[in-house]
């Protein structure tokens, strides 16, 4: 694979983006001294093209495009091992959250669509039903991702064990959840929240 | 007339317990009844947003949890939480909002209500080990799980992040071991008790889950465990539901029943299989329990 | 009418960058009583001081305010200059417009306004300053050295060789400290014992060194030149004067299996023991917690076999008081405990490394004992679990050091070098083995240090992996090391036979308590603070107390020895005079107003307040008043704030002066 | 981190009474570390907090201070063995008196800042400045001072006129 040379200048280092990440995550990016302990313990490390420490390194250099273009942030399992063991109190799991949020806002910046799709459906479910209904989630995911037969073998078994419920009722106070969603949308529109 | 309860809690089961983890819900209610602990389900609770919400939208995640904390505040007692993910999210919300004024104001605006952060959020393990106490728990045991070698699986979210859940020591917790040893079981030391099972990817990237979960099952088997005990429906989903599939992929045989902690403790207090939802387990526990003369 | 001279310093650009010094000089010049006001680039420089002296003479100035850096930096300098110009030095005050103004503010207008006010305050104060005579005190030419490691030994020998008596106090039963535990030392790989033990013997044989081992400092009273130190000599249960060090008692002791702290608990010792064979003094001590005689009253074997009858079960802790003129603190370091969190400490441990649970995960000092020819394995590198030779060994650096999360932000300085040394020792002893080192940065500044590190890689074939380790776990008889190599960007897994953790250097336990007894300051980690980071690195802010070695911050042996000799030189400088001038900041009683309530006497921590009878000519007692002994008074002023009739005054900090400052605001 | 400089309408005057061994040195450290804090504070140095007479605090408020900080060595760290303990006891009693006189106790802060705690000094000074700024100017003693003026000579034309009309 050919790698693009990184041109570093005040113009190419996007400090504003990094500040946004720091504001969202409540943790410092500069503080990381690249010891690599996060990458050492990351259960998803082998799946990522940029190991966790390099994600932070690229941020330190203001090269967020390189981060968002890859799948690494979507392959983070949010297990918090990195944050727990970081000798420097860099809360990497929160940085990952912030990056995903910013990537999500920039729609389609990343190649990883399955995880994004699953997340989107999950949140839609909350907005529509108030709670998660796994059967619906799985079915819609399979349809939307074009993997009609995925986990097909598990279905009947789960069904027999009473683990999948076909019928589900909405919460009585659904209007309240809708309000939370709309209020957050409004706050963002007005620029009151990131 | 039943005796009055010795403790009262509000109860947040979480989505999974109303669906794929019905047996966790059932066994929790039955066990707590036996122990004289009252559980009142928070009316009209919402999904806490779990990992997907904070993954892409922290404000939404915080708001959903804050809303649930507000709902829970209307019910007497500390909040009992069964699912490790819900537990972690609710605790994290309390922690983050107590620390950040900015986020606090945003969330208050989103839920249009003053924040209720003072209430205590407790995982079932804490209630059993600390509030009830191991001595009282042991006293309620009339069918000790003698000879049963249990691998206690913590997963990621019970103890992490540091200073947030405060359930036990972050890197070397013993709370699960203490609880199940009080029920008469033997625990095995093993290496993967806190490795991630990849729960977040169970839908989107099952391949990842299979690889990670295999390492956990392998480690538990190598340590000589008869079964695994969990306190999280998501971990359970991967370890139990996908076990057969994993055995096929890696051409191994684990046959490790995966119990919820309330199922095993319930068994020790003499509750029958029907009250514990043992039939809902995908990896059949009956042969093991029969062998150990626990059924 | 006072004629005050005000001198505003630019401090190069340090002050003038944020404070408009010319404007300050102008504004202050308008204040009543100010006869002369100017600014200058470097007031502390020779021309600056000359400017001051010349102005005093030309302008006939009566009081001086120098607005510059902190008085803690240059008050002495300017007071000396003022004195040289013929004024009493205590008629000169400093206004701190650098540390408290120009360096902490960015807005020039704000900083200038503040500077004017600060200088104005000092102008009002100095008007009320009085001429104070300097006080001289005698100097006791004996030194106390606390700590018998390499730092204390070096300082004690230097001072004693110079002809002064030295009291050396060591907490453990033998001197030697951590250096005695080391196997070989970097960067020359000479044997630590070989270079250390001759020095220990020198101490024991020195006619001017009085050695108190197994002893601790109980109380420190007095001040520079005149300290009284109470030392607690813990009961050794063996008479040091009569014991010949034959060792029969140790051979006969029936209790044999007590882990020896000196060997990092790898070796065993009896209940009556010397920590190591080369101990100085070579007098055993009875560990009363483990001795059968002390636990049950039976046994008494050691007493029976002791030829000279030195074993004494009745011995009790005793106190001795020594008068000294200077104190060298050389209490050294302790190692970070990996698996447990010391009670009440903010320092956290590492659960993820399983230290204490996995027997073959050890710390660096334990490795030193394994590698030491006089250690529990006779210098063979063997696993504590099964005694096998480890063929794959992993070293992990920065355990506790540079770990803000654990509560330690500093670099421990010596670990990079000693880990490189460990890989060499390992390679020399296990020829078919392989050493791996996980590290973040290699910090090797020092003569021949980087060359040493490179040698461990290039010639001794250690594999250095830039990256840290997330977790260790036992798998069969191996330890799985989950690390990463950030240069390659991959996770690394090594199945090791042994893992050595390079743990952080921390101050000795109880360092804070000793500091409180000495009245010296310490940082948040309990390392002792020097008076000035650059210019007074071996002196404490408290006069007459000096620092040597790792009690001040992590240091290697050459640095420690250098600092110990420097501290000794400072002590010798002090001892070169028979009398010492001290600041005349002492309390005085206005006898006419004193009602003799002696509230001042009750609060005085130094016992400086005495009762003085005032009699008429016939010898009839009129009243008893308080009297402050200026030789004993330390000048804290607590008596003055306490006095209900306002009849005690602390020279230099009188009510008049303070009120004048407040009113200037 | 550079925070945006805010413009304020009210700049409180803060007077700090500190001991020379711990807090003064701590403030020096804040300087040598180039930390930034509001310029409202004026520092008065004492050998020890034990020397600080409560009268000084009253005097400071009378002279127009809006907030007063008293800071010395941590308990047990006193350079003069126990001066800070005497100070602590003295001020515990003094607070009651001050409250009685009508001073909002939030304007008076006691703290321990050691020679190594430059950061803590910055924190304490910044917090107190912001707190006092939010409370507004200290008017209680100024009113008293005004009353003193009233009882004295009548020297404005308006007052003279009003007086003559009585």
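Should a chain be cited, it is by its letter among A, B, C and D, assigned in written order, with residues numbered from 1 in that chain.
What we mean here is this: a residue touches a chain if its C-beta (ideal position, glycine included) is under 8 Å from a C-beta of that chain, and two chains touch if they have at least 3 such contacts.
Computed from a predicted structure; not experimentally measured.
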Looking at A-C and B-C, which pair shares more C-beta contacts?
A-C
Where chain B and chain C are represented by their mean Cα positions, the distance between them in whole Å:
50
Report, in whole Å, the distance between the mean C-alpha point of chain A and the mean C-alpha point of chain D.
50
Where chain C touches two or more other chains simultaneously, the residues are 352, 405
What are the residues of chain A that contact at least two other chains?
81
Could you list the positions in chain D whose residues touch two or more of the other chains?
none
Name the shape of the chain contact graph, picking from line, ring, star, complete and other.
other
All chain pairs satisfying the touch rule are A-B, A-C, B-C, C-D
Please give the residue numbers of chain D that touch chain C in the complex, ascending.
5, 13, 15, 20-22, 24-25, 27-28, 30-32, 34-37, 39, 42-48, 50-56, 59-60, 63-65, 76-83, 86-87, 90, 114-117, 122
Touching residues (chain side chain A, partner chain C) in the complex:
31, 33-42, 45-46, 50-51, 53-54, 81, 85-89
In their shared complex, at which residues does chain A touch chain B?
24, 26, 43-44, 47, 75, 77-81, 83-84, 91, 93-94, 96-98, 100-101, 104, 114-119, 122-123, 125-126, 130-135, 137-138, 141, 145, 150-151, 153-154, 157-158, 161-165, 171-173, 176-177, 179-181, 183-184, 187, 192-194
Contacts from chain C onto chain B in the complex sit at residues 350-352, 354, 357, 405, 473-475, 480
Chain C - residues contacting chain A, complex:
352, 398, 402-406, 440, 466-471, 482-486, 489-492
